[in-house]
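Consider the two complexes below, in which chain A is the common component and chain B and chain C are the respective partners.
Right, the complex of A and B next:
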């Protein structure tokens, strides 16, 4: 348990290389802290003469907005008649001004972009005002989870903006935000969000507890946290959903899920979840239910295809050629004629090529990425068939499998699907279809054991909950979705008054 | 003090259906038509029906015995026979399940060798099957229940194969009906036992079921379902094959799959045998679980270790049983033990327990 805090190791942490930190923590008095800060060039601390007193203003220059110091602080200070520090509060145009002697608090706030106003440099107390500069980018359309219809907003790196995006859609007092900080060095802000009265307390407590127990120095992105929070840390399957769409978070919260937002990460993490949720897209809810269900089935089918197509090709061509009908065998033979490798080598070569292409496409800038697609797809493909390195049929299968795997809306699940085909491929090379069956059974055994925040991961199927199947393979119409999913064990399980929602007037009424 | 299972390890009442279906439908479904046809011919479906009814009665007895005690078989043994003799019986019971998993694994490995991979060694096949089964056992009872449930889902496509022989059936094969003596029909039930054994796993699994009173009906449904399945399959087979030919076919169900003719695929039996992997998995996993669970309950040892040792044991023993005769003998032995256990020992236990409870009651009153 690398990331979980243990009481025993807690005291030893200072010895283990956090010397810098421990020095800062040792700075018990404000003057110690100032002398440390003055070693940095971006720390500003200067005296200002007012009408009846002098004040000292200290702040970290890049973290605060210099314009507002000039505009919102200095004019008011200079024109005020105050003689005491406490009186300044009434003159400054700020809602919340903290007057504190707490060194810890001053330290923490100063480092986050507050400014400190003191009477003298040596005084133990001061006023804290928030003047944090906003360096973040604007809200943009979603790029990873694209949808044709529906709102075009995605989260950004700022925690406050993200919470605002959610609050705008959830104007109820029950929407709760619990804030804490994680990461020993980065001290990143993280907010657990849920709807009180719908979300199960147990889920909220599990998530909060796990966040509190995290023991790591560097938390930059929410995807770090997901790995530390997951129930099974070695599983290839993501056990918490990440999304960049506020609408998705809101509908999950209303279902009774719990989510957390990390400051600096444009992805919100939600749980508990099931495997099916990684294959749902926003468009599933924007279309009529049978259209949506059809496309969802297409998506699931293509995931199955992308995992099983090449392993089945290898298994059938290596061991079970009797399966192929007479008319098809001619095509297969002529396409494989002259290929010097056994099917497994041929398939592994081509799969790896596709993986290289994909990886190159992701890493390269968008404009070059397209060229890579053309070079890889057309040039390498045609050339390798003409050079008799691979068969046409396999090339078609591999290209289609690669295409099919992109239908997965979630990037993390997409990676899992990419990796999954390799064990199947190798088993198919050794044991044919029985090998595929065995690997599949082991995969099922793994999935059966997986949990997400303590709730079963493949829930609508096992444990079998027929009522939750209404939004699994197919999405039934909204009139059938009157109950919240059982998975999250919501406190309030009814979405609507079912009687009123399903009420139908008789003919001619 | 009857055994208690923590609630998060228990399963819902309807899983009774999946336990019984999962362990009954297995490797012997592929071959029972031959044995039955040899002995009783086209009246075999009556035998299946009678054995189904018999099993319902025995299931009722199993329920009664378990309900009275409130624990599992190890508790019952301890109560009726004392610590030592009861413990011995429990160990024999565990070994019986171990034999069952051995038979299933060995027979499946043989089928794979005969039909799909003539040159693949037993070790590779059995290692794959046994290793997979162990991953489920190590996941605990709930994990095994998961594969019981999913195996039914995965094997449903095989029902399609039953439609393909229909154009070629000869309905006169069923006639003349009832031309065997009732005694012959009943005694052939002995041959059906391999298809029904396994549900005595309830003796250990019963405490794992939530609200067991509610679950009882699911058990009866399960046996009803398997009986109907066997009758349907038997009738289709007997309608397709003449009796004389059927006697010589080792695995009639696989031969039925061969009839399937799809435009994009031939030799459907390859698919069938592959899918059957998921049907025998619950068999092996459940019986391995029961065997190791029995040892855990008697000797109080780590089930994980026992399960590993037991899988290695059957893996190695299976290697020495390499001819068709050995496997036939193994099947016959299991069939006899199973028959003795279900039709002899369970009623005996039932009678003995009711006598003991009556005596206790009388002593308690006076």
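Right, the complex of A and C next:
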């Protein structure tokens, strides 16, 4: 409960000692605020003489579009006949112009890229026009959640663009966007989105409340928020799905999920979710159901392989030689001959090498990254076998485990899988198979306790909800997907009109 | 905080347990693959073990293992282990044991002490092969065979391959089942070294754990036919003095029925249904016309051989076919002593029905 307040009654206290903020918040009057802003060079505030009056225009230079000021404001102002500030509203080509005396609002809007028009500097009465410059990048194809088939659109850093991308796919009035801001310093805009009439109010309220209760100064990315509002903040398992695909968000919303978008983050967070959702990819829905199911099972199998391959190798070679098949025992023994370490050290050494390679590769430019891959894979691999530092059987297992871990479509889950094998490995080295079983028991116990926005995390399996198994290990055909997942407890549970779908027409002569 | 403390205590106590389990890293142990026991003199036995030695390959494929076989003489009643360990550079582990051989002379005096060693050891699998050697186990284990494999794997494959075909199923588990079970006696294959091959000479019959006699290999098929249902066995039907036909069976089903079970003269009916196809024929007979005749000859021969087996078993007083167990399932008041007494006089009626399904592709 470090970042989340329990009672949300006191909204503007400075008890936490935000000295930086206290000064800004003390600027109760507009002139205080102006004098504070004038210390910054990018703040522009100048008087303009019109036909019948003078106005003062103030704005933050880098935040607004200078072209628009010249094109959309100044010509109209200079040519207008207004004598009063409120009359200006009719001359300026803007749909929404806020006329306010509220200092707080002026402060907030000005800092977000609005321009302020006043009669003179001391007058608290002002017009606010939105002229925010669009600095963001263009909508690009997804990079993290790439799919072969399907739409190639990914979210960008702008909240409005992201909402537009979703709205385009959801042209219904029930699609609701609730906006608020988080972060004491960053004041980042965040929007909770859901479909009214499908999403359970309880989920919407849980998410909204948790977002409102966030007490932290720096919210840059949605991944920060995920850690703060997850049910279990110490779990290695991500409890909310992040995605950069609008189509995925839309399908989740239609299932009855709730999502939120953070301004400045190209990842939308959705919940409540289950562990299975982290192993599903868009392609699962684009292929025929049995193909999709097969590939999903391959993916799950490779995750299991990735976690258990090296621990099992270590356990079997250290304690349970009886388990090795007769024909394999020769290969294993001769490949381990002369290796100076016990299997556990050997395996840890190689696992860490792979992790180092991966860490090095992730943050390198693509071209250098390839070189690292070749250097790591071929040179270190072959050399360490030839130098007798490791057995080639283990090298194969490690490489395959590393490869298998990449099949996880979700990057966060991918990291979890990477980490999970180490406790297993260490337990295998100390206790053999019993150690693996014990760590597995701990893991299962942990998963049983996990929740996502208060809903069980391993839901279709525990609690067993047979109808939700239609999209878990296998993905059944669309004809079997007539009901929304029970996990979300949707208000409207049916996806299709079953009567109409099953209606049999008579043969018409 | 309290939770964390409890967790730390639990984890550290786990770590304290680490010292209790001895690691057995595969390349730091000697894996015993075959054991041999022989009679040495009245108070000593000769124990032989075979362990593979794998060469270091330096990361380039597998190099053929060589067998290291050595024997020690031990006083009866003492374990061989201490003596064997004293000649080995690594601890000996019998978890991957494949085969145990017993010399015939030793087997006559009772095998159980030498089976009990592996029976109690949870490391040893229950499907390992046991065999009696006509001669000395040590000779076979020390022999250089022309096969690629080590002698242990060679013997194990030899026995297991035959159990899949015409030889009745047997392994450590089956032996122990028959040994401890009521109304049954165990058996094992009897091996013999013939020049550069080992041959299954027949079925070694046991009374309790004492070897008594053996059934020649020719009788393995009729024995198996009465012992269990199986397929893929092959059998030769003598058409006349010089001509034989080889039949491979598709299925062989055996069914037991017992009448007058509680009386002193129970009648046991053994009904066997054979279904097979003709594989080879050395005769000039046209098989197509004579299928019925071949079937009849086969039925008659199998019945005759089966009855010979039954007579021999009754005379020896051993019951590897588990007839006593069959009777027991019909008789509430069954007792081992009573069965042993009436077994030689029991009436067994064997009925074999044969169908030849196919006579090959050259019709």
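By our rule, the second predicted complex is superposed on the first by the 489 of 509 C-alpha atoms of A that agree within 3 Å, B and C clash if a C-alpha of one lies under 4 Å from a C-alpha of the other, contacts with A are read in each partner's own complex, and residues count from 1 in each chain.
FYI, a residue touches a chain if its C-beta (ideal position, glycine included) is under 8 Å from a C-beta of that chain, and two chains touch if they have at least 3 such contacts.
Every value quoted in this text rests on a predicted model; they were computed, and no experiment measured them.
*Asks:* Answer with clash or fit: chain B and chain C placed together on chain A by superposition.
*Replies:* Pair status: clash.
*Asks:* Classify the contacts of A:381 with the two partner chains as first (chain B alone), second (chain C alone), both, or neither.
*Replies:* neither
*Asks:* Where does A:311 make contact in the superposed view: on chain B (first), on chain C (second), on both, or on neither?
*Replies:* A:311 contacts neither chain B nor chain C.
*Asks:* Applying the document's definition of touch, where does A:126 land relative to chain B and chain C: first, second, both, or neither?
*Replies:* After superposition on chain A, A:126 lies in contact with neither partner.
*Asks:* Does chain B (first) or chain C (second) touch A:461, or do both, or does neither?
*Replies:* first
*Asks:* Could you say whether A:319 touches chain B, chain C, both of them, or neither, answering first, second, both or neither?
*Replies:* Once the two structures are laid over each other on A, A:319 reaches both partners.
*Asks:* Output check: A:330 vs chain B and chain C. Expected answer is one of first, second, both, neither. What do you get?
*Replies:* Second partner only, chain C.
*Asks:* Contact-wise, after the overlay, does A:392 reach chain B, chain C, both or neither (first, second, both, neither)?
*Replies:* Only chain C; A:392 stays clear of chain B.
*Asks:* With the two structures laid over each other on chain A, which partner does A:431 touch: chain B (first), chain C (second), both, or neither?
*Replies:* After superposing on A, A:431 lies in contact with both chain B and chain C.
*Asks:* Does the superposition put A:266 against chain B (first), chain C (second), both, or neither?
*Replies:* A:266 contacts neither chain B nor chain C.
*Asks:* Looking only at the overlay on chain A, choose which of 200-208, 236-244, 290-298 or 326-334 in chain B hits chain C.
*Replies:* Only 236-244 shows clashing C-alpha atoms.
*Asks:* Mind sorting out which residues of chain A both chain B and chain C touch, each in its own complex?
*Replies:* After superposing on chain A, chain A residues 319, 322, 324, 326, 431-432, 438 contact both chain B and chain C.
*Asks:* Which residues of chain A touch chain B in the complex?
*Replies:* Where chain A meets chain B, its residues are 319-320, 322-326, 328, 431-438, 441-442, 444-446, 448-449, 461-464.
*Asks:* Please give the residue numbers of chain B that touch chain A in the complex, ascending.
*Replies:* Chain B residues touching chain A: 11-12, 14, 112, 116-117, 120, 124-125, 128-129, 131-132, 135-136, 139, 142-143, 145-147, 149-150, 153, 263-267, 270-271, 273-275, 277-278, 281.
*Asks:* Name, in rising order, each residue of chain A that touches chain C in their complex.
*Replies:* Interface residues on the chain A side: 317-319, 321-322, 324, 326, 329-339, 342-343, 385-386, 388, 392, 430-432, 438.
*Asks:* Which residues of chain C touch chain A in the complex?
*Replies:* Spelled out, the residues of chain C in touch with chain A are 14-15, 17-18, 21, 23-27, 29, 31, 52, 54-59, 62-63, 65, 93, 95-96, 98, 123, 125, 153.
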